[in-house]
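Once you've had a glance at the structure underneath, I'll fire off some questions.
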Amino acid sequence: MEHTYRLLISCPDKVGIVAKVSQFISDHKGWLTEASYHSEADSGWFFMRNEIRADSLDLNLQQFTAAFESIAREYQMRWFITDSTAPKKIVILASHASHCLADILYRWHSGELHCEIAAVIANHDNLRSMVEWHDIPFHYIPVEKGNKQRHFDQVETLLSKYQAQTIVLARYMQILPSALCQQYQGQVINIHHSFLPSFVGANPYYQAYDRGVKLIGATCHYVTADLDQGPIIEQDVERVSHRHNKDDLVRLGRDVEKIVLARGLRYHLEDRVVIHGNKTVIFD
Amino acid sequence: MEHTYRLLISCPDKVGIVAKVSQFISDHKGWLTEASYHSEADSGWFFMRNEIRADSLDLNLQQFTAAFESIAREYQMRWFITDSTAPKKIVILASHASHCLADILYRWHSGELHCEIAAVIANHDNLRSMVEWHDIPFHYIPVEKGNKQRHFDQVETLLSKYQAQTIVLARYMQILPSALCQQYQGQVINIHHSFLPSFVGANPYYQAYDRGVKLIGATCHYVTADLDQGPIIEQDVERVSHRHNKDDLVRLGRDVEKIVLARGLRYHLEDRVVIHGNKTVIFD
Amino acid sequence: MEHTYRLLISCPDKVGIVAKVSQFISDHKGWLTEASYHSEADSGWFFMRNEIRADSLDLNLQQFTAAFESIAREYQMRWFITDSTAPKKIVILASHASHCLADILYRWHSGELHCEIAAVIANHDNLRSMVEWHDIPFHYIPVEKGNKQRHFDQVETLLSKYQAQTIVLARYMQILPSALCQQYQGQVINIHHSFLPSFVGANPYYQAYDRGVKLIGATCHYVTADLDQGPIIEQDVERVSHRHNKDDLVRLGRDVEKIVLARGLRYHLEDRVVIHGNKTVIFD
Amino acid sequence: MEHTYRLLISCPDKVGIVAKVSQFISDHKGWLTEASYHSEADSGWFFMRNEIRADSLDLNLQQFTAAFESIAREYQMRWFITDSTAPKKIVILASHASHCLADILYRWHSGELHCEIAAVIANHDNLRSMVEWHDIPFHYIPVEKGNKQRHFDQVETLLSKYQAQTIVLARYMQILPSALCQQYQGQVINIHHSFLPSFVGANPYYQAYDRGVKLIGATCHYVTADLDQGPIIEQDVERVSHRHNKDDLVRLGRDVEKIVLARGLRYHLEDRVVIHGNKTVIFD
């Protein structure tokens, strides 16, 4: 994996931003391996992602941050820079369904997803062996009827302990408390098993079956306090027909869920996503 | 085009239906060019489509109908049989947007869609020349503010006059009165410019833009008195990204709308659709 | 899983086949859960798949076979009947790439693929731990330069020992000897990492990159003595662009390979495939 | 339509190109509406497209060209700049199949494709009325057996007369002479009715049918002297099955051809394509 810095910027659009930023990078000998720009006419907002070869720069990350600050202030930028060789710490929340979890674990294990999976937390114990085979800590935290908060308190403690930077809800099936959504804003990624905004909430495949749709889908999105309303990262669909019963939809949907979550998570881990309001800019 | 009879059946499922029907066809020397069956476990309902070479049968359509009646009664069938060489009469309702209308006209003109386009009715006059070039009558029936019913009365009169068997709403943008929906139940085909049930009602592309979806779609469905709630015939989607503004969504959507309507209409014209409750069985 | 019998038939087309077969099934009280028919005008050939609830029939499999023989002879049928509760024994051949193997193992382990994975044979040892975690025997049979036949001899011995009914080449990367292809005709399933017939042979993603295609694909097919020329079961594609380098194509291709192989293998295991000449009829 | 200048650049990659170009634009008050960059590690080549609001610049097109020349020389750029309000003159070459031609005419007529269709030349006369309804000159230039050159000579004369900047082969079905390919290098766009490199040459749908592929496709590419080998602009596919005969493939293929050609042509007309060797960079 190449050692690069990823510089992400969003700011009000005006003449000269690209010139200013690229001149700064060029002045410090930065070699761009990727550069993506987006100007949104509706909102008058500008978005930018630069990926720079670390070994080409005459600044390290700390020096870059300090030196860039005056430009950022001048253009009222929201910005951050990350190091491609510093994997994000992620914690996965799961329930008893294995497909999304197994898929992420496989992609991580085979070197396709660059991250550190700090732990898996589940409200069922059935996936322990699969997780532990990967040498990843597994925490079984049941959800008690009438005392869900106890579960979430324990989850919160573990998230802190593992210093989670990104939380993946891999068919977790619990609604995160607002406070947790706030605390980890823009860092909690969910896979919803429908093509949102269709079929919000429970049993989307059954809803889809009853409506007689000809395509089913899945949606990877950031979690906010509003259920299934957060910024969408990725979606995809699969064709179905009258020949498919409810179980078939569930089965076919699993493959869409896996791939949509994997793509969405990858965008996030590679710092390709800028959240703006309730929407995302994806520099793929 | 081959001369065939198309026999469509739906009935409560039980042992022996296929045997009974296919024995009847075989007894009358019928050569099957297509045969499709569907058994729906949930509802306990059975669906069947047989396409039979007309020249192989020792019965004509009228004789077939009479002879088959006793089987139909025995199995409580809803059924009909059509002649592939008798094109359905269709009337197209349009507004000022041309893409769906032009697409249907082209497919008809080039011999791809087997139907008789009896007339086009529109509440704007801008598409007259395009329609009349095809030697199809064009009726401009404006919609007056405060007196929409006058428009629908004239439309109804024309539908009767032309003996319309199928009505296509090619981006007609008006909500048909319930009475008309009832009268032409299962014969009115609409193209909605979203992936239903997402974005019911007006301006679906703007709704899609504001929600930040990553795919836009279109839905071809039978019209019922409930807006955008009728049985879905066909759907498809197209990928979009943050780079696309509202106008881009509208433009990209046009291609999906055209193809989804064309597919749905084709299924209908070839008698490949069985409506069952609020869903469809499509024998493609 | 429902207990059914699957009756697959192909024969020269003529009037009355469906009637004959469905009458036979009906006479023996058979309840059809699925019935699919295909008549190919070009070749004058007829194809049929019936899935019958085992508990509805007044015959067991052996009795059915005996009783059906006279019809089969009369219509010159190639046919077979299988029991849905008797899983096929499969042996997987792999190399060092893990993605297809891991995907099949997962689907089997989670109950999605109904089969018995008798063993995995690989010419590298790196996947042993993953396979053995599933309690499946793993055989490391290296390929020696200059003496490949020794490898194939050992493979053949193991296939016999395990009584393999289906052999899956999960990115095996070796060309099976003609004799083995012959012996297991119609039972060896390969995943080729291109959209055949494009990019036959080695390094298809590199070929695709050099040609500048805008979609890459994968093909699941039966193996014959002609390299990458056997009957195609399933194909799919994924969009790529100039932004993707060779490694990206390999990575994106893995997901297509996995899903195409999984679908193709499922069709095969559920007896949904009829091979006819160098093509397949898939009763999905 | 917004009035913009489109600046397209390709050159050997090095540090500072973006800075240099964007500083130049910024110095002249240029407001970027789109900016896209691509760096190809394999070839060490850099590609860039900037779209600049014309009314923001303090230079007109001629002044820009003169002023930018020294930067272009310094970085050994191949480059050009175009005016979005100056539509390209295109000439369409057709045969007797109408679908691609009708689709382009419709998109042009409805204002979706920004170009000037100077003329249509066909080797059959059947499409005259459709073309002339659009007030576009139609030239019937038959191909005589044994004297094809006569046809091409007349075509060449007409291309010169109409000062064609882009030539669209809309299912033209003739192989252009090498000399013409050379003369209009990078300006002749063809739609091939297969997913290249599969099924080069004649009757690709029949080849596809015989091979039993599960997807058919279409390819839009620049024409070079090597048949069906030129740089690919766009491709897409459509699912088919054993239920589709050769005529079905042809019919389904028409829709893919239309949409692939329309997309490819749009990219070309909006100056979104950079040809590099035998590949394209598409700034969509």
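For reference, chains read A, B, C and D in written order, and residue numbers begin at 1 within each chain.
Simple rule for what comes next: contacts are C-beta pairs under 8 Å (C-beta built on N, C-alpha and C of every residue); 3 or more make two chains touch, one makes a residue touch a chain.
From a predicted model like this one, the values you see are computed outputs, not experimental measurements.
Using CA-based centroids throughout, the chain positioned farthest away from chain C is D. Chains compared, chain A against chain B: the Cα-based superposition rotates one onto the other by 180 degrees, nearest 5.
Pairs A-D and B-D differ in how many C-beta pairs touch across them, and the larger number is found at A-D. Separating the CA-averaged centres of chain A and chain B is a span of 41 Å.
Centre to centre, using the average C-alpha position, chain B and chain D are separated by 36 Å.
Annotation for chain A: residues touching 2 or more other chains are 41, 243. For chain A in complex with chain D, the touching residues are 15-16, 18-20, 22-23, 25-27, 29-37, 39, 41, 56, 239. Looking at the complex, you find that chain A touches chain C at residues 98-99, 102, 106, 110, 112, 133, 243, 251, 254-255, 259, 262, 284. Touching chain D in their complex are the following residues of chain C: 38, 40-42, 47, 195-199, 211-215, 217, 231-237, 241-243, 245-246, 278-282.
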